[in-house]
Amino acid sequence: MKHGGSKINVAVVGATGYVGGEIIRLLQGHPLAEVKVATSNRNQGLRLRDKCPWIATELALTPFDPGSIDADFVFLCQEAGFAMQHAPALMRRCRVIDMAADFRFKDLAVYEAWYKKRHLCPELLGRAVYGLPELVDCSEIADAPLIGNPGCYVTAASLPLAPLAKAGLLAGVPVIDAKSGVSGAGRSKTDPDYLYSEMTANLKAYGVVGHRHTPEIEQNVGCRVRFTPHLVPMARGIHATIQAPVVEGTTREQIYEIWRKAYEGRPFVSLQEEGWPSVKQVVGSNRCDMAADVDPRTGFAAIVSVLDNMVKGAAGQAIQNMNIMAGLPETTGLPLNGVWP
Amino acid sequence: MKHGGSKINVAVVGATGYVGGEIIRLLQGHPLAEVKVATSNRNQGLRLRDKCPWIATELALTPFDPGSIDADFVFLCQEAGFAMQHAPALMRRCRVIDMAADFRFKDLAVYEAWYKKRHLCPELLGRAVYGLPELVDCSEIADAPLIGNPGCYVTAASLPLAPLAKAGLLAGVPVIDAKSGVSGAGRSKTDPDYLYSEMTANLKAYGVVGHRHTPEIEQNVGCRVRFTPHLVPMARGIHATIQAPVVEGTTREQIYEIWRKAYEGRPFVSLQEEGWPSVKQVVGSNRCDMAADVDPRTGFAAIVSVLDNMVKGAAGQAIQNMNIMAGLPETTGLPLNGVWP
Amino acid sequence: MKHGGSKINVAVVGATGYVGGEIIRLLQGHPLAEVKVATSNRNQGLRLRDKCPWIATELALTPFDPGSIDADFVFLCQEAGFAMQHAPALMRRCRVIDMAADFRFKDLAVYEAWYKKRHLCPELLGRAVYGLPELVDCSEIADAPLIGNPGCYVTAASLPLAPLAKAGLLAGVPVIDAKSGVSGAGRSKTDPDYLYSEMTANLKAYGVVGHRHTPEIEQNVGCRVRFTPHLVPMARGIHATIQAPVVEGTTREQIYEIWRKAYEGRPFVSLQEEGWPSVKQVVGSNRCDMAADVDPRTGFAAIVSVLDNMVKGAAGQAIQNMNIMAGLPETTGLPLNGVWP
Amino acid sequence: MKHGGSKINVAVVGATGYVGGEIIRLLQGHPLAEVKVATSNRNQGLRLRDKCPWIATELALTPFDPGSIDADFVFLCQEAGFAMQHAPALMRRCRVIDMAADFRFKDLAVYEAWYKKRHLCPELLGRAVYGLPELVDCSEIADAPLIGNPGCYVTAASLPLAPLAKAGLLAGVPVIDAKSGVSGAGRSKTDPDYLYSEMTANLKAYGVVGHRHTPEIEQNVGCRVRFTPHLVPMARGIHATIQAPVVEGTTREQIYEIWRKAYEGRPFVSLQEEGWPSVKQVVGSNRCDMAADVDPRTGFAAIVSVLDNMVKGAAGQAIQNMNIMAGLPETTGLPLNGVWP
């Protein structure tokens, strides 16, 4: 399905949240797409810029009405549970990219167990494609009517681990210690925990046991993992530090070789040969940078991957999927460079 | 001088500093320009990405040799004093945009008094054009062989004040209290004052009396000003808070009316009608947002302007000048949106 | 009124807010006082440490009941309007230190005009003492049944300006550009503006014209001022940058001489002779550090003062008042050193 | 060895670094100790406050001369390698507390292998006592002429792990993912990596394989560990996230029970029963707060411990040792509360 001459029309549902705003910000720099609809039920009658003054646009905010959306693509930027309510209606009108978890799982039981809700349209799970372009068959994404777009933690953990697992290198449960910028908590928290004065100069673990991104990583990697997320005092970015028991004799060079084969020709996965990537080098970019070493004393591979939770971990990845679905180069309109300092 | 079909070739001198890196980062998103040369005398033999891992490029770092630069434009990202040494040689080979102060002053005596050095090529001051496109005649920029590109503090103070001064609204010395992100101090400081641990959760004034950006603001505004810069704990951004005594009876609406006339059709100056702009809404953008009110109790106009010191305050403004010089729309390749959160 | 052998009993009303928590934190290091009552209407049945895990205490949170408070001193850490409701009842049982504005103004009309509420017990204004120990007669504080404890902005602006005004040095409206840590906004904000992700790497002015701390500064200094507050990305601290027009010929040395006389023997006001104070040097301390210079080009004195908004700007100052009221040295239990880095 | 009536005289070697400054800051609040000597070879002739403006003191900086130090205790705040040069001379004059690694190891070979230097006085290793009061026999500390004071990472990792290892609960290599505030890098870095603009909004792993704190943790815990340190954008604090394989059937309650027994009556170790500790709740405090849970899916105990790297991780722990050595309660002069926000 190639894209013709006119621009791709896009609707963003939940436009004033961080992910919705980021999709719009990035698409204004996209040469072939245009945001035509931005919905926000709480902010009707306002312009987008009234709530998002960083975006230079006169776009109005409208209420969400699934029956009247006229677009090629709709991006759903809402909590889990929203997409499964509206996907059937929306799919009659446009292709759907969901930023939450409703269409990420192949196994209905896993979704329902970890998300603690009954799925409203399990029949769509088979038609939805998991939108991690570097790990799935892109021709499936190209033809998909519905994308379950993976999030930041899962992308950061799965990109380095999946090829190693597939190559048979893992010899035990990988420990994934993931650090996230606070924007991952969203823009509508009213809990004092997310106040500037509480989080600055602070750092805390949460969801230490049983975080619901665990099964999604396991679906991608193919084995159990020990996953712990943390909030750290930065607005954006994910830093995953992974300690994976590896089969004896595994070398650093083997890891890089497996990665090189897995990600050859994929511009958004970058293997760092020297030193360790820092989060900031990918903030603003759609890249995931990664590096590894092996500790023979303990038998672990030590792996670091970094990405921008708003870009490769959300909005950028969604646009990458849209590009593939529209028959465009996956890089169209997506930044490769980070913003530094 | 219109730009033809091939790409504009660019050389960046001082590529591993913050401003040099920012020019390259932005130009990689420019559809009609290409960075061909990136110099760094301290890092020969390395690739740019070895020192600037946020930039996805294989560009090599080369030593600076003014006699061999082959480019349409050269951006000089060095301290004051560098450009006047090399401009004569460089101008024989390409058009020169200097990020420092050597070619910003019309009055040689002012430069020499405030910068405490003798100018090496005063004869070029008459050929250099001051590159603040919203305040100068753009046809002069279009034809200029040499641009003195203004910096962050001066741009943030001059854009709101100059039209008001010209309109005769000022009735005394404006007090400019300017707050800068720490990146303004550059990347090569070894003084502990700029360490993370010293600057985080900190804030300090410097150059409180006699800062050398004072006369450049005065050149633009046409009157004396009381200017005080501060370092605040953020990497990027300028927030200028200006208290200007105004002629009796001056209203907020008058100020906006003067600004509207001055900046009609200029996409990078944005007048905020409600609330006050925050710095972050322009970080990553080439915009300068501004707002004002009047305090009749004391006779002051209170003005806020914000910009990104790396973009509209340095690299973005320089590219805006390059666009004008190349006959391109001034917005080509320059982001209008800020990056938030 | 000297304090005898037993400990001073203290009640803190609003114990889980930032100021209430800070009073308790500091009093746990006070050798002669003990917090016996900590109220929080929203958190009954919890321990203080459940809401304030930084405080190592088993103190329970109780509902506020003015008729049953049994203490020597009660600190009211609530919004303006609270103290005037409860002061009459509380004053029958203990001495009252109010952290808000109800008892700071000598002139009822000023309070009612700027705070937009009718005062409920104007007859107490004459008995209340304004608790800025370095500017008022400490014998009045010593005998006061009721203290209106000044806040951070007002203390930072008044300490440097008041002696200069009294000495006749001011020749026009001082411009006070004040920068505050975000904790000044309190702990119960639910507005997204105070979220970590919105405020980090950000800076904004607010209340630019007509902020209600203006008349309190004017009461202390004795002339009109142009006051503008800002939120900056740090949790604690106030940095006031003051540009004051001074009578011709005024020298830096004159300013310091006036300050030395005004603050001789006052350990919490510290005159910095070299360089400019940074905010962090007083964070955690009850000091206010200040410095000045004169700009003869424009006729302004440039003044910087810094303090910790939670300590000298709130809780520390209140304890300083309590010490004086209890006949103790004013420094008892109060830190002089800042916490760095 | 009880302390008599006069004050304990203290000398601090390396007074202008972060640890030296913190010792002095804390000792100024100690009722029974007084800093008499503060050395800094680079800053002779200056006062301490000229380099450390947060400390309100007139103390002069003097050159380090081991033969003339007249004190009860000397704190050595220098890099590894310094103490072993000067300990023999200093021990003739006073008791020595070394903040670096020279006297932390029981096994000379381990020190020499990991620190890559020959030990200059191995005969003193047997007389030195490892100063982690909650894990060693305090009567040994009380009598020690020389203390090897453990650092932040090791304390944060060892306090939760050592009792579990001793109880036989560990069933594999614990993975320790430790996050440190940037002050851990010290005050004299000139590498741009530690600049504010590079570290703010950033996070990076370092020493991922082979960090030299590994063997010190192993000495305390008694088994191999996989240790990875990270720099995170905060000035102070350590957050250790530990994933320890445990014997089947291990419960959360068992872990707490072991901890309760190990740390009964130790005021500086605090077990958090609900939620997970955040770093900021211990910043400014000498506490180490910890919590745990068990993930039966994977067989790991998940443990979090937090402390202030400057206090319990350095200066506070050293003063705790000094208190014990002087026969004082270990809590004397040491803050239990954190500073928040």
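For clarity, chains are labelled A, B, C and D in written order, and residue numbers in each chain start from 1.
As a convention for this text, a contact is a pair of C-beta atoms (placed from the backbone, for glycine too) under 8 Å apart; a residue touches a chain by one contact, two chains touch by 3 or more.
These numbers come from a predicted model, not from an experiment.
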item	value
Identity of the chain that, by mean CA position, is farthest from subunit D	B
Numbering shared by both copies at the subunit C-subunit B contact, with half separating same from different	same
A-B or A-D - the one linked by more C-beta pairs in contact	A-D
Where subunit B and subunit D are represented by their mean Cα positions, the distance between them in whole Å	46
Centroid distance [mean C-alpha coordinates] between subunit D and subunit A, Å	39
Distance from subunit B to subunit A - Cα centre to Cα centre, in angstrom	35
Contacts with 2+ other chains: residues of subunit C	18, 181, 183, 187, 197-198, 200-201, 233-236, 277-278, 280, 283, 341
Subunit B-touching residues of subunit C, taken from the complex the two chains share	173, 175, 177, 179, 181, 197-198, 200-206, 208-210, 224-226, 228, 230, 232-237, 239, 241, 243, 276-280, 283, 293-295, 297-300, 302, 304, 341
Subunit D to subunit B touching residues, read off their complex	18, 181-183, 185, 187-190, 192, 194-201, 233-235
Complex contacts: residues of subunit B adjacent to subunit A	18, 21, 25, 28-29, 50, 52-56, 183, 187, 200-201, 235-236, 267, 270, 272, 274-275, 277-278, 280-285, 287, 289, 310, 335-341
